[in-house]
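First chain written, first letter: the chains are A, B, C and D, and each begins at residue 1.
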Amino acid sequence: MINKTVQTMAEAMNGISDGAVVLVGGFGLVGQPNALIDGLIEQGAGNLTAVANNAGNSPDSGLGRLIALGRVAKMICSFPRGSPAFEERYRAGTIALEIVPQGTLAERMRAAGAGVPAFFTATAAGTKLAAGKEQREIDGRTYILESALHGDVALVEAWRADRWGNLTYRSTGRNFNPVMAMAGKLTIVQSQHMAELGEIDPEVIVTPGLFVDRVIHVPYGDPPREP
Amino acid sequence: MADTATSFKPLSRNGMAARVAIDIPDGWYVNLGIGVPTLVADHVPADREVVVHSENGLLGMGPAPTPDNADPWIINAGKQMVTMRTGASLVHHADSFAMIRGGHLDLCVLGAYEVAENGDIANWATSENDSAPAVGGAMDLAVGAKNLWVMMEHVTKDGRPRLVERCSYPLTAKAAVKRVYTNLAVIDITPFGFVVRDMVAGLTFDELQARTDAKLAQSN
Amino acid sequence: MINKTVQTMAEAMNGISDGAVVLVGGFGLVGQPNALIDGLIEQGAGNLTAVANNAGNSPDSGLGRLIALGRVAKMICSFPRGSPAFEERYRAGTIALEIVPQGTLAERMRAAGAGVPAFFTATAAGTKLAAGKEQREIDGRTYILESALHGDVALVEAWRADRWGNLTYRSTGRNFNPVMAMAGKLTIVQSQHMAELGEIDPEVIVTPGLFVDRVIHVPYGDPPREP
Amino acid sequence: MADTATSFKPLSRNGMAARVAIDIPDGWYVNLGIGVPTLVADHVPADREVVVHSENGLLGMGPAPTPDNADPWIINAGKQMVTMRTGASLVHHADSFAMIRGGHLDLCVLGAYEVAENGDIANWATSENDSAPAVGGAMDLAVGAKNLWVMMEHVTKDGRPRLVERCSYPLTAKAAVKRVYTNLAVIDITPFGFVVRDMVAGLTFDELQARTDAKLAQSN
């Protein structure tokens, strides 16, 4: 029988290694797998490469806290501003940064999940983010080659999950979560609600269970309200 | 260069937003960049349906909520709470950027530091900026939308022109901007460079040229 | 006001030109936009390139009929067997054929819809379908470069639609339809049911209206049952 | 070569399907190719949950319907009516093939004309075939699944071996097959070529070798 639900955070985090590439879902304060990050902090892995849209927010929670604790050696993101912990370490030269345009970031992970090792895109062509990248004219337009971005681990926040790992999300909590679920070798989900198998309509499942390895029930309620 | 001695009145931010809004046709799909462009949504004429896209997977964004209908799960790309309009749909980030990068948006309105007469845009990093560079979705939006319009003050706080022959800041995209809305004028980017389409009342062409780095042409 | 619904098939087909690339949704007998194909036959455009998984089935309906009438100059598909009209014309040399692996076919159209002009894939590497294609080793594996496949027109069958063109599909009637909706410059939908705007839950819309240009209500009922 | 004079009994198609099924672990995600491989689903032991994927966007395919629960909207990649299991999900074709091509399926079982000792597979076109070539999803499945197993008769109707040194028909994929289930044996493809893992009762290794083009090794 397939049962991907785990009862403890220790089980959820089992096997994450130092140096892992960790994909962290969420956008703004919505859809952030903060309980899983707390679990990862407890678990102890360090020297991580974190991939997320932002470099965390507050140094007291979630990715910001992971960074503040010095666990992240490299950040891959589109918008690192607004994270005091990141900015401090970045200025001190103790964290590396790879800036990726937001759409390229999403597409690189979708490519990883879909078996596409590299693809051409117009985004960033002719800018300094194209430095060192293969460039090609196709039908009169300039494109650059971007590569798939795989995660050793993906941390995902869902609204509902069942024991097969089928997932739905809530409103804009969807964001990067389904894309990262596809791109992670080990995809770990915190879900607000658990459903019986079959309770989620097959037509509305956003992430089919085959992309998911572990699910833990974390009914935390609403995200904080940003201004 | 102080504008106080002259007889024209620069547009306020809401005035600029209203000026942009009247140029958006009924039925367009539009992404409004973080900051001033966001204000455009409030000025779309009531008889037009304009569908606003937010990069974080919301198509059909509505105005800010009242305290009664605030839902912290519904935010926009600027991470502010918003509402969903009747007819809205939700997608994940790769699908949301497929809308942008696949050329499905009719319009994107972005803020910028500089726009060059060849349509180059610089809006994500300045040389003075010593904090981490942050691009967000601007590069995707700039190359993806069918039309890229820029909204910005005509000159910087210390009076330097923002419409330039060539951008001095790192580019967001090359040859991408089609039109610029400033607090002084509306200017098209054409194969012949900047062409003035509209100016605030009381402003002369020469006064506008004096505040612009690149050469302006007058529209016929 | 946005109203993509049209009342007549003539309006739905307006502007399709000779020589157009026409994407045709459906897999098996499920999700086939056969009413739109009848409309296209009536409309008159010829010398078409048709893109679909199969080359039609019966010569009396749908894509098979369009081929039987000599309107299709080239077929791009993964599996042309089982279509007498196609096979007859193919043997006679009066229709061209481009065979594309099914997943590559779907991905090429998804790429078209997502602004990716070309991507690498392992599918067909080292086979005769790789002939003439750029080949590259990436991380020790051989890939070939495939290009985006755009449609001038996409013909789509949906289960529910509203006046903005938001769509849902029924069961395996989803198949290629949402992918083709993304890849068509002019996307035309026949929908079994029409919904009021707002009636379809934003969480369950599969094709957001921005991919859709025209919707016509065609309540034809169930597809025929295959053996 | 007639098998009637010997003392072994080749497996029936259902016998082959049952032999494959017992090797599929609980919890695997599996795609079963059109034709004989489809039969495997009926033989999965009742105490195992094996999730069957169908290329046309159905994950969690169930058995053929009874007349009472037949739904013509639910078909499989072979275009036969099927059912959905509890826990099934529906996706579009690009997402369905992302599952395949992205390496998310544990196993694909395909039929084939030939398998070579280096793992090459030929299953989509034969030189005798003058009708249009048709590949379907076979090339995607062959390169995408974590494990590719082939099910086929050990020899052709006219007695030619299908396990060969080198494929004579056009390839579906290179070096892709991990194991072959025939009506006579189970054979692994290893860096050292074909290794026999299992044979039907009464068949000798030499008899099997006589029906095989490439050299066989015995498993330890």
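Simple rule for what comes next: a residue touches a chain if its C-beta (ideal position, glycine included) is under 8 Å from a C-beta of that chain, and two chains touch if they have at least 3 such contacts.
None of the values given here were measured: they were computed from a predicted structure.
K.L.:
What chains do chain B and chain D have as common neighbours?
P.N.:
Chains touching both chain B and chain D: A, C.
K.L.:
With centres defined as the mean C-alpha position, give me the chain A-chain B separation in Å.
P.N.:
Those two chain centres are 29 Å apart.
K.L.:
As a quick test, compute the distance in whole Å between the mean CA positions of chain A and chain C.
P.N.:
Going by mean C-alpha positions, chain A sits 33 Å from chain C.
K.L.:
Cα centroid separation between chain B and chain C, in whole Å?
P.N.:
So the centroids are 36 Å from each other.
K.L.:
Give me the residue numbers in chain C that touch at least two other chains, ranges are fine.
P.N.:
As it turns out, chain C has residues touching two or more other chains at 107, 110, 114-116, 121-122, 171, 203.
K.L.:
Residues of chain B that touch two or more other chains: which are they?
P.N.:
Counting only residues that touch two or more other chains, chain B contributes 84, 90-91, 94, 97, 100-101, 144.
K.L.:
Please give all chain pairs that are in touch with each other.
P.N.:
Listed in label order, the chain pairs in contact are A-B, A-C, A-D, B-C, C-D.
K.L.:
Going by the contact rule at the top, pick out the chain D residues touching chain A in the complex.
P.N.:
26-27, 29, 49, 51, 53, 59-60, 84, 86-91, 94, 97-105, 144
K.L.:
For the complex, give me every residue of chain C touching chain D.
P.N.:
27-30, 53, 55, 78-81, 86-87, 90-91, 97, 99-104, 106-107, 109-110, 121-129, 142, 169-179, 206, 222-227
K.L.:
Which positions of chain A touch chain C when the two form their complex?
P.N.:
107, 111, 114-122, 138-139, 141, 143, 147, 168, 171, 203-204
K.L.:
Taking the complex as given, what residues does chain A use to touch chain D?
P.N.:
Against chain D, the touching part of chain A is residues 1-2, 110, 112-116, 162, 164, 166, 182, 197-198, 202-203, 205, 208-211.
K.L.:
Under the stated contact criterion, what part of chain D meets chain C in this complex?
P.N.:
Answer in residue numbers: 54-58, 70-75, 79-81, 84, 90-94, 96-97, 100-101, 130-140, 143-144, 170-174.
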